[in-house]
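The same chain A turns up in both complexes below, where it pairs with chain B and then with chain C.
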Partner chain A sequence: MKFDLKTQTVREVNQALHDLPKDKQAEVEINGISGDHNLAVGMDHPVKITLNGHAGYYCAGMNKEAEIIVNGNAGQGVAENMMSGKVHVKGNASQSAAATAHGGLLVVDGDAAARCGISMKGVNIVVKGSVGHMSAFMGQSGCLVVCGDAGEALGDSLYEAHLYVKGKVESLGADCIQKEMRSEHLEELSALLKEAGCDDNPEDFTRYGSGRQLYNFKVDNTSAY
Partner chain B sequence: MTMEKPGLIESATFSRDVIHEIQRAADTGIYDIRGFGAKRKVPHFDDLLFLGASMSRYPLEGYREKCGTDVTLGTRFAKKPIKLDTVVTIAGMSFGALSANAKEALGRGANIAGTSTTTGDGGMTPEERQNSKTLVYQYLPSRYGMNPDDLRKADAIEVVLGQGAKPGGGGMLLGQKITDRVAQMRTLPKGIDQRSACRHPDWTGPDDLAIKIQELREITDWQVPIYIKVGATRTYYDVKLAVKAGADVIVVDGMQGGTAATQDVFIEHVGIPTMAAIPQAVRALQEMGMHRKVQLIVSGGIRSGADVAKCMALGADAVAIGTAALVALGCNHPKWDEEYQKIGSAAGFYDDYHEGKCPAGISTQDQDLASRLDPVDAGRRLANYLNVLTLEAQTLARACGKSHLHNLEPEDLVALNVEAAAMAGVPLAGTNWIPGKEF
Partner chain C sequence: MCGIVGLYLKNSALESQLGKLFEPMLIAMTGRGPDSAGFAIYGDEVSEDMIKLTLQHEDEHYPWHILAEKLEEEFKTDVSVMHNANAAVLKLKADETSVRETIAEFDPSIRIMSVGRSIEILKEVGLPEQIAERFTLSGMKGSHIVGHTRMATESGVTMEGSHPFSTGMDLCLVHNGSLSNHNRLREELQKEGIQFETENDSEVAAGYLTWRLRQGASVQEALEGAIEDLDGFFTFTVGTKDGFAVVRDPIACKPAVMAETEDYVAMASEYHALSTLPGIENAKLWEPDPGKVYFWGKG
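What follows is the complex of A and B.
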C-alpha cells in the first residue's frame, strides 16, 4: 500500500492507516513527505510503515505495535508517548524524542537534540550519535543508550531509567550519578545495541542512574532543586 | 484589633495567623503545603447582584415557563460534540489525589445530573470510565497514566496548561499517598514523591501547541472536542492563543480553584479571581468572532446557583466545580469532626489532602478510610447538589426574563463595589458607571 502526500492529505493518510484491519500485517510506504507534522500518529496495528522523507513534529506519536521507519530526519517529539513497537529514524531527531514514551524501541541513526527521552516511562532509546542537553530529564524507567556524547545535565531529576553513554558527558543533572556496570547491565545493553543494529562494544559504555536522594522532599536538599 | 483581654492589641501586620506561620516555618524549614483552594477573601461573585425584571423587563413564571439549562461543547471541529443537560460540569481531579470510591462517586453523580466529569493526573481508571457516561480525559504535563487507548475512549480531551490554584506551577503528590496501584499507574516506585511537571515535555509555546492539538485530533480521527485549560492570569492573551491553537473549548480556572496539594503561598498569591477572568476571556473571544463558537468553561470557587448564573451572565457557556463537588460528597462533613480533631484539624477547616488521612475517605488511598465513602450514596449527594445549582441558576434567569441560562447577559448585573464593577465590567449598583474603559 502506498500513499503520496503530494496528492493526499495527512488526514487522509492517517485515517487510512487507522482503518487497516487490526490483525493484518500490512506494509505501507508514504512518499512525498516535506516536513509534514503528525504522520502515522496513533497507530494501533502490527504494520510496517516506511516514510520516505523528512518528517515534522510528533511523527509516530503514541505508536502501538507498528514498526515505523523514517528515511530522513524527524522533527520535535518523534515517537512521543509510544507504547510499543519500533520507530527507526535514519537521520537526526529533533528535541523531546520519545518524550514520556511507555514502551517500544526508538532508534536514531544520527543525533538527537535536547531532552531526548524526557520523562521516559519504559521506552528504550538507542541514539547512534549524540544527544543534547537535559536528556532523560525526569526519566522514570526504560533505557537511553547514547553511542556518542551527551550534553549538559544528563538525567536531571532521574527516577529509575537506565542511561548508558559511550562518549563524554558534558555534565550530570541533579541526582544523576555514575553507577557500576554489572553483568545484568552489560546484558541489557548488549541486547539493545543488537536490536538497534549497532556493533559497539558494551564494555565501552558508562552507566548512569539515580542517586535516589531526591525521591522524597528533604529541606536539606533545596540547593539541588 | 483588640483582643478579649483589655489592653492586648493584635497587630494587623503580625496577626496570630502570621505569627503562627512564621513559627511553623522556623520549626520545619519548608513552606506550607496543603490542598483546598484560596482561603483569603478576594472580589467574588457575591459582589455582583442581578437586576430582576420589573417594568422594563418581563420575568418568566417559575415552575411553569421553560428555562433551558443544556449546553453543547465542542462545536468548532469535533464530529461528536458533548451535549449536557446542565451547564454545571465536574472539574478534573486525579485518582491518586482522590480515592477510587470518590472518583466513582463523581461519575455517578454527574451521570444522574446529566453532566460530564473529568480525569486528572494519574490517568483514567476502568472504574471511572465505567461509571462516567461523559468523561473528559486530561492530557497533562506529567503524562502520568497517559495511554492512547484511554484517549480513544474519552468523550473529550482536555489539554491542561495550568490550574487556577497554581498557574505556572507543578505539583507534588507526597510519597505517603503512593500505593501500589497509584505507583503502577504512574510508572514510579511506591512511596516516593511524584512530581507533576509545570510544563509539557514536548512543546514549548503556542505554535507547538497548535501542532500538538492536531496530533490529538489525528489520533482520535477528529471525533472528540479538544479543550484547553489555563489558570487565570493573563487570560485575555491566553484565550486568544488557545483559540489560535485550535481549541474547541477553553477552560479558565480562577485563583479560587482548588488543588490536591501545593504551596500555600502559590494558592493565595498567584492568579486572578475567577470573576475578573471571565470578562477578559469573553472579550478575547468576541474580538476573534469566536464567542459561543469556542465554548468557555469557567471554574474556580463556584459554590451556588447564583455563582453559576453570574458566570453565564458574564458570558461563560458552562462552569466546572471541584472543591464544591468534594464537599457535596462529604469532605469536611461535621459527622467526622472528632476524627478531624484527632489529626489536628476540624470539620470545615480540613485541607491536608496530601497527607492521605482524609477521615471522609475522599482524598486518601488508605483502604480503610476510603471504604467509608459509599460511592452510590455520595454520588446521589453530588447529583442533588448539581440539581440545586441548576435550579437556582434557572430561578435567577427566569427572574431576569430569560428562557435559557445562556440568555443571561452582563446587562442583567450590577456591582456592589468599585472593585467588582471594574473587574466584571458591569455598572456600580444605582449608577451607569463602569470603572475604566479597559478590563
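What follows is the complex of A and C.
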C-alpha cells in the first residue's frame, strides 16, 4: 500500500493507517514527505511503515507494535511515548527523541540532538552517532546506547535507566555516575547492538547510571540539583 | 511560538530569484506565526557615501515625494523614492543621524524600519501569505533575506511588535522564543541611551545588540555577549550587510535547522520551510549547536 503526501493530507493518511485490519500484517510506503508533522502517530498494530523523506515533529509518536522506518531525518519528539514496536531513523533525529517512551526500540543511524531519551520509561534507544546535551534526563527505565559521544549533563537526575557510551562524555549530570560493566550489562548491550545492526564491540563502551543520592529530597543535597 | 527563516545565496546567478525562492519558506511558517510577518532583504546596494532608508506610514497613499523634496532641500542632494504598498525606500547622500532627525521633525508618524546601504525591512500585521503578496515579495531580487512569522506572546499584535527589528546600520534581528529578564535589561539599556518603542521582549534583544555594536563590538562579539546576558529561550537570526548569523540559547529550547548546498545556505525553525528549495534532497542538513554563534556570508 502506498500513500503520497503531495496529494493526500497527513490526517487522511493517518486515518487510513489506523483503519488497516489489525489481524493482517501490512506493508505501507509513504512518499512525498516534506517535513510534515505527526506522521504515523498512534499506530496500534504490527504494520511495517516506510517513510521516504524527512519527517517533521512527533513522527511515530505513541507507537505500539508497528515497525516504522524513516528514510531521512526526523524532527523533534520522534517515537515520543512509544509503547512497543520499532522506529528506525536512517538520518539524524532532532531533540527529545523517544521522550517518555515506555517500550520498544528506537534506532538512529545518525546523531540525535539534545534531550534524547528524556524521561525514558522502559524504551531502548541505540544512537549510532552522538547525542546532544541532557540526554536521558530523568530517565527511569530502559537503555540508551550511544556509539558516538554524549553532550553535557548526561543522565541528569537519573533514576534507573542504563546508559552505555562508546565515545567521550562532555559531562555527567546531577547524580549520574560511571558504573562497573558487569557480565549482565555486556549481555544486555550486545543484544541491543545486534538488534540495531551495529558491529561495535560492547567492551569498548562505558556504563553510566544513577548514584541514587537524589531519589528522595534531602536538604543536604540541595546543591547537587 | 514564532517562525524564523533565512536564505543566503552563494551562487549570484540566483539573485534574481531570491524573493521567489523565499516566499514559500515564509508562508510555510504560517502555522508557527499567523498574526504578523516581515522580512529584511539585502541587495541593490548604494555607494559608500549614500544611505538607504525603508519608511512606513499607516496611510497607503502617503505623499512620500513631499518628504523627498524636504530632504533634497535640507541635504542639497538628489533623493530617489520607490513606493511599495505603504512603505517607501529612499536613497540619498547624507548621514544617518541627521536624516533621522529631519524625518522625525517633518512628520513623527513616519516609521523608520531600517537604515543602511543594503537592507530593506518590510513588515506588517496579517497572514504571511497576505504580507508577501502585499509587498510583492516573489518579484524581489537580492543576495540574502531573513524573515519572521509571529505568534504574539510577550506583547500585543501590532506592526511595531512584528519582526525584524532593526539593530543598527544594515543589521536586523528576528527572534523565536521569550526572554525572562527583558524588563530589567530594558531599564539598563535605556540608561545607556537605547530607545524602545514597544513592550516587546525581542525589541530588548535588538536594543542589546545595538548597544554592544555602538560600544565597538563585532556582530560575533555582540552575539556572544547576548548568550551571556539574555536569559530565557531564543533562536535568533541576525541579518548583516554581507550575510546572516544564527544563535540558539545554551539549552536550545527553540528549534532551528540549517541546510547548505553549493548554491545557498538556508535556516528555518522547521525543515518544512526548507523543503521547497532547489536541491534540498541532497543538501547538508543539521541543527545548530546550543550557545554557539554561526555566521554565513562574506568576511
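We adopt the following convention: the second predicted complex is superposed on the first by the 225 of 225 C-alpha atoms of A that agree within 3 Å, B and C clash if a C-alpha of one lies under 4 Å from a C-alpha of the other, contacts with A are read in each partner's own complex, and residues count from 1 in each chain.
The rule is short, and it goes like this: contacts are C-beta pairs under 8 Å (C-beta built on N, C-alpha and C of every residue); 3 or more make two chains touch, one makes a residue touch a chain.
Just so it is clear, the structure is predicted and the values come from calculations on it, not from any experiment.
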Contacts of A:G209 with chain B and chain C, given as first, second, both or neither: neither
Touching partner for A:G173 - first (chain B), second (chain C), both, neither: neither
Which superposed partner A:H54 touches (first chain B, second chain C, both, neither): second
Partner chain in contact with A:Q76 - chain B first, chain C second, else both or neither: both
Superposition-derived comparison: chain B or chain C, residues of chain A touched: B
Partner chain(s) touched by A:D36 [first = chain B, second = chain C, both, neither]: second
Touched partner set for A:G85, first chain B, second chain C, both or neither: neither
On chain A, the residue positions that both chain B and chain C contact, one per complex: 37, 56-57, 76
Complex contact set, residues of chain B against chain A: 28-30, 142-143, 146-149, 151-152, 172, 174-175, 186-189, 192-193, 195, 197, 201-203, 208, 211-212, 214-215, 218-222
Chain A-facing residues of chain C, complex: 251-252, 255, 257, 270-276, 285-287, 290
Sites on chain A touched by chain B in the complex: 10-11, 14-15, 18, 37-38, 41-42, 44, 56-58, 61-62, 64, 76-77, 80-81, 83, 96, 99-100, 102, 115, 118-119, 121-122, 137-138, 140-141, 157, 159-160, 215-217, 219
For the chain A and chain C complex, residues of the former touching the latter: 34-37, 54, 56-57, 73, 75-76, 91-92, 94-95, 113-114, 132-134
